[in-house]
């Protein structure tokens, strides 16, 4: 396959952008990425989960291309919360096919125009409407089902699980794009209101507006740009939509499979990875990622947490940006993660990890019905 | 021989005590409990209604009858709390219990005697050979106006009867007494019923219960002493005791069926759940007299004889006592929330 | 949400869902208690939702009754309940839920 690099990145801050529309957000991130790249794309892929429900707007491919003044083939890609990484993967495949040399992937989500209750209902569209949403299960509820069983089976305590939001809040204090810049303690997490037992408010990512974009180029074009970051692999896997139909609630089979294929393509193993931007939509999701991405045995993920290995300064920092805990504009998230990894590998991240050479992103759709795992390497 | 081929009961789990209601309205709990002869009443959960309870009791009745539900050719649900004003409760019940599509169906209303009226209609359809089996259900999630005397007794429950051959109890005779007597009523759109206070006694309950029972005894040529059990409609614990006394039935014969003390007045299910309680213990050969009462007003009286096969069929579904004992208490605040008495 | 009050959709779903009332007992594999409910379910909150192994398959369903009784491994039986009222004028949606034995 042709060598592909990320040559331009851009994103908005995650947050409640009352004054910005979906168009405004896309324009901000898109223009920043185009400027960073200094190249114009020949194709555009837009990741977005539900502009139809939140803003009554479909046909986003055309909308974003129009907003950026790009009259190029433009397609909306949807895979719930994995929409961003799916758009990225489609852009990679478009270049790998040889048909295009420069492509752009942009993710955007505008969620705050709806009241919380309706936003919560809309998010459940990522799950199974017939089997899960129809019985009043919420998205937090789905991950709560996973957390409850995991804690019961592997003797994980509530305090141990709380270490994840504590770590991510700390990581994000200096991140200018984070929705929150304050720290929390284990006590804060345990005292926050219950959302779906055992998950509490501080276990959950927020409802956010935001956008992020990347420009990709084939090797010949990438060599003309400053600071290209190479895409070693971007693999995708699918699992049953409804949690009830999974082989085991405590393992995200799609993550296991996508990561195996990504490692194989890149010719690497977990020990070769210097940092991971993982999909911590809920605290338990990051814990599962330690295991399903191959960094720890099933049931033993908490050892990495307690020992500090997954903290900045540890052997395998997870979510140095603060992760989804500090902003989850659904369709943009997958690309926000890539933005952070690229900055780390360029040496210019807010929480720079020393000597970071190889980075990984993991983006989930729904409760793991879709997973995209990508591996990147710096140019140096 | 035609009669009850299967019977089933259902009572929701929650209970509220009479003293809890009295506490909120500043009334003397001992006074209330003594005058009404009631301890506590059943309260439906937020997701229960006449339809859901009818499915539960209907399932139990079909289990005891040991028949293919498709053999049921008629279904009537009697209630004064049907969830819809237009769209029958029975169709949902029939679909859930696999009785559709070849059947006759309509909903019944006659205050607390809609269930016994349904039994009489099933009896006629079966005896005439028009259907093989009929399913008659009496269910209610009764509402009492806050602070009114009826609030202590208005409860929720359901009783179902498969009428047909191979009965576990034959229905030997039935007699009805009906007049136009406005003792208790509810106009369309109103949340709570109204009643004529003391007018609900002699001119209503007692006149009809006594006349119907008397008529049945005449028709059958039997006397009170010939019956082993008697069940009357129970708006409270006091009225049936008084009626029994007037008619000459020994007090002990009433006790097995006097379930109002434990679960309240379940309206269209009331006398029928009393019958279920009796069927849960009665022996083959024993005779039961049942007289219902529906405000408006009328009474249906029945003479039944228990058959051999009751012993093997009884255990095929939960006894009423199991539902009575499976209970959780709630306070008045939760009661008001569950019964949607709060104006939102 | 437009589809929530879709008459044909609810009719279609109920025809399949009603049959679960005849399933045997099941076991709770995992459960949660929903406290922040989606639109329309607010009046029922908090309520328990569980993944239940019943027969040869798993189902996702609400578990009724006192919340303290809901545990991983608990044996449950199907019960027929209202799922969704659809306000004061819509078609009422019924479904099979489960209750701890």
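Order of writing sets the chain letters: A, B and C. Residues in each chain are counted from 1.
Criterion: a residue touches a chain if its C-beta (ideal position, glycine included) is under 8 Å from a C-beta of that chain, and two chains touch if they have at least 3 such contacts.
Here the structure is a predicted model, which means the values were calculated and not measured.
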If each protein chain is taken as a node and each touching pair as an edge, is the resulting graph a line, ring, star, complete or other?
-> line
Most central chain, Cα average position = C
Taking contacts as defined above, which has more of them, A-C or B-C?
-> A-C
Inter-centroid spacing, chain B versus chain A (mean Cα positions, whole Å) = 59
If you average the CA atoms of chain A and of chain C, how far apart do the two points sit, in angstrom?
-> 32
Whole-angstrom distance, CA centroid of chain B to CA centroid of chain C, is 28
Residue numbers in chain B touching 2 or more other chains?
-> none
Of all residues in chain C, which are in touch with two or more distinct other chains?
-> 44, 83, 97
In their shared complex, at which residues does chain C touch chain A?
-> 1, 3, 13, 29-42, 44, 47, 49-51, 57-62, 72, 83, 95, 97
How about chain A: which of its residues touch chain C in the complex?
-> 116-118, 120-121, 124, 128-138, 140-141, 144-146, 148-149, 152, 193-199, 242-245, 249
Write out the stretch or stretches of chain C touching chain B in their complex.
-> 14-15, 18, 21-22, 43-44, 64-66, 79-83, 92, 94, 97
Sort out for me which residues of chain B touch chain C in the complex.
-> 13, 45-49, 51-52, 55-56, 59, 83-84, 92, 95-96, 98, 328
